[in-house]
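Worksheet: one structure, shown below.
Order as written gives the chain letters A, B and C; numbering starts at 1 within each chain.
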Amino acid sequence: MCSVGDDFDNQTEKLMQKATLTKLSDTCNKCRAEKPCIVLRGKDTYCKNCFLINTVHKFKASLGKSRLIHLNDRVLVWYQIGHPSVALLHFLRTGLDLSTPKKLRFHPIILFVYDQYQLNNKEGKELIENAKRIVSSFGFDCNFISFADYVSNPENVPNLLNSESLFAENDIEKLNLVIHKTSSRTNRNDIKSLLRKKLLIDVAKYWKCKFVFTPEISIDIASNLLSNISLGRGSHVSIDTGFCDDRDDEVRILKPLRQFDMKELALYNNFNRLESLSVRKSAVNPYSSVQDLMAKFVIELQKDFPATVTTIVKTGDKLSLDKNAEVKCKLCKGPVSVSDDLVTSQQSTNFSRFVSNELVDCNKSRQERFSTICNKFDQTNNENELLCYSCTRIYGNFML
Amino acid sequence: MPSKCSAKCGRNAVLKRPKTGDSLCKECFFEAFENEVHFTVTKAKLFKPNTTVAIGASGGKDSTVLAYVLKLLNEKYDYKLKLFLLSIDEGITGYRDDSLDTVKQNRDDYDIPLKILSYKDLYGWTMDEIVAEIGRKNNCTFCGVFRRQALDRGANLLKVDYLATGHNADDIAETVLMNILRGDVARLSRCTSIITDSGDGIPRVKPLKYCYEKEIVMYAYFRKLVYFSTECVFAPNAYRGHARILLKDLEKIDPAVIMNIIHSGETMKVSEHSKMPTLTKCTRCGYVSSQEICKACVLLEGLNKGLPRLGIGKSSKVKRILEENEKLKGASCNGEDNKCLCSGNDLKPSKFNDLKI
Amino acid sequence: MKITVEFSGGAELLFNNKKSHDVDLPDKDTNWTIANLLLWIKDNLLQERPELFLQDNSVRPGILVLVNDTDWELLGCLDYKIEPRDKIIFISTLHGG
């Protein structure tokens, strides 16, 4: 049966508008005086001054609105390759240097996590040198840690920070000691992402930081949201992609750049003559993992429907955690959902798996066959209450 | 060397089921598939005994398999249900004619009574006539709105206790993705429910909710069930197409994604601060709606008054135009020869308002 | 016609790591536009992996273009007519980890 138009609502149709060529204004949207030099979101024009001021203001507003960070708090800043991280450093430095009451009054500590396994020795050294140089140009020290070494030995954070060797030939083997070699790329990505978060929290705790800043921007939020839904992490959307992830009792992870798009930050950097960190990108097949496919999907849909990313982010903003969930997942620390429903997809999948592997006694009547199977199934309590749905699926890939 | 059936019956496997990755022989697959639907039906307490169930039948694979399996389970497990096939004739030449023939064959093959209701009966317009009037740009909107109401109205007319539809796991996963893409949090919170109430007291149930589309196709194939499969001639590249392609690509990477998305939909919670639309009853026809005048009445108003874009756009505009029309009503819009004074078109009789429920 | 072409944000990696290029475009009967400049760049400057810079006769999505510090979207994109001493910058937003 054709299911097109099954649920139609004229409110939401306007959000699915195709990109049309709108006439661009020949004065800045903000000051209405100057000639514009930049177009954002395909329709808003700004002059250089207004654009720069607006951008900084947007950053301050996202921090200020949350009222989370207080005087003298220490904040671990995760510095990554690309434009967003550099813009973030610039926001921080200019904010700290202000002599007005609006001055930022917390202490950022910068951390670069080395996990670029496609680079050779020379390229790796260059990357580290460039990172050091760029971060010091903002008056900060750059701290380093190797992801592979952390994963091999998570208790050893104090010795791993700023160690002499950040990468080695056997880094990938080190990872394979923890993540099973035959894991799908999707599961590998999911596990790496969990481990990275754990690393940030452990380093933050060691350096007595109450907060971590990560440089995710709107398109990252949108594609992470869709990826997480596809992995079964729908109930954690508000902490996975929201502004604040407060799963840990001591450290909160914040995403101060989540409302920005890449063009904004790349041009912000350009006008401020800032250099960003970049590396040779290895070719990735977008169909090799759920995460890569979602990134490709969002980028392409955004081209034709410019409201895609903001709509997805807004949808995420409207979701929250289940208040009835009391148990925290052992792996990801997210709440383990408790369902009111009589039957769930988790149960159904387990039943299907069970039924596909059970021999049926054809001599018994249909009803008897079913009740035998059902009883047997009910007895096999294969739901691990200590892990959430998605972590249950990747737990087998951990070699612990 | 063919592999053996994973249920350890000794037979050779003939298919690999996407839902779990297990290889099964034909017989064990039938048993597993049917057991799973029975599991869903019983655990979710979908039906009460001694009730009547209308099965939304389009002649497509989902409704054919639904009809077959419900009939089978009804007999084997003594659900004590009275089953009907309910079919809607949209009046699309070439599409519906063939699919209705298939439904009639299902009626004969499965020995289940059939009731056909047409858009012409319910609304006074066939889809062919609507497309002739408005072109192909928004025809799916009309069809979808009318069809959704038609099934409910049909269920009401037949005075059944339940309406069962063939929505499968792929459909539901796709709907979850669609609702995220278009920011419809209200629908997002409802679309994974196995039982939904359209407000008039007749629950809509989805017994095939956890069945993979691929497995439905395999079941129909191996059971040699007859069904009609083709694209509606009017269906354009709807936005939903993007979600569909995405889902198919995801399934190729890992078929478990379909159940993962449904799980996400089932477990996500809407924040208390989000505004959700409240439901009321349409002032024209009594159907449940979030607006004062339901979508179908709005669209019909447009068709009947030669305003084809009415209902395709902002609701505030719609309200204003309807209010203006209300004022004109007293002034009698039609001339003596039954033609519209504004456009000169013949006025089509609308039996729609007679169906006050 | 002498112009300056710059690459940043990682785009320079495709051009021998050289960020700034002083370019002398040969005289032509027709005007130089960004469209044909791209083809010229492909033939004369691009060192590797053209698919990371170009797509379907334009820049790959994710590459921003500024002419004299102004967004090319305000200047007609590919149809912009290049003038002497123009500074055209291509900023990549793709070269990330």
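The rule is simple: a contact is a pair of C-beta atoms (placed from the backbone, for glycine too) under 8 Å apart; a residue touches a chain by one contact, two chains touch by 3 or more.
The structure presented is a predicted model; accordingly, all values stated were derived computationally and were not measured.
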Chain whose average C-alpha position is farthest from subunit C's own: B
Chain centroid nearest the full-protein CA centroid: A
Centre-of-Cα separation between subunit B and subunit A, whole angstrom: 36
Cα-centroid distance, subunit A relative to subunit C, in whole angstrom: 32
Whole-Å gap separating subunit B and subunit C, where each centre is the average of the chain's CA atoms: 51
Subunit A - residues contacting subunit B, complex: 1-16, 184, 186, 225-226, 228-235, 237-238, 287-290, 293, 297, 301, 305, 308, 311-312, 314-315, 317-323, 337, 339, 341-349, 351-353, 355-360, 366-367, 369-370, 373-374, 389-390, 393
Of subunit A, residues touching subunit C in the complex: 24, 36-39, 42, 45, 48, 80-83, 115-116, 262-263, 266-267, 269-271, 275-276, 278-281, 299, 303
Complex contacts: residues of subunit C adjacent to subunit A: 8-10, 13, 52, 61-62, 64, 66, 69-71, 73-74, 89, 91-97
Parts of subunit B lying in touch with subunit A, wherever the complex brings them together: 6-9, 17, 19-20, 22, 24, 28, 31-32, 35-36, 38-40, 43-45, 56, 58, 60, 62-63, 76-77, 140-145, 147-148, 166, 171, 175-177, 179-185, 187-188, 191, 194, 210, 231-232, 235, 238-240, 242, 246, 249-250, 252-254, 256-257, 259-274, 295, 311-315, 318
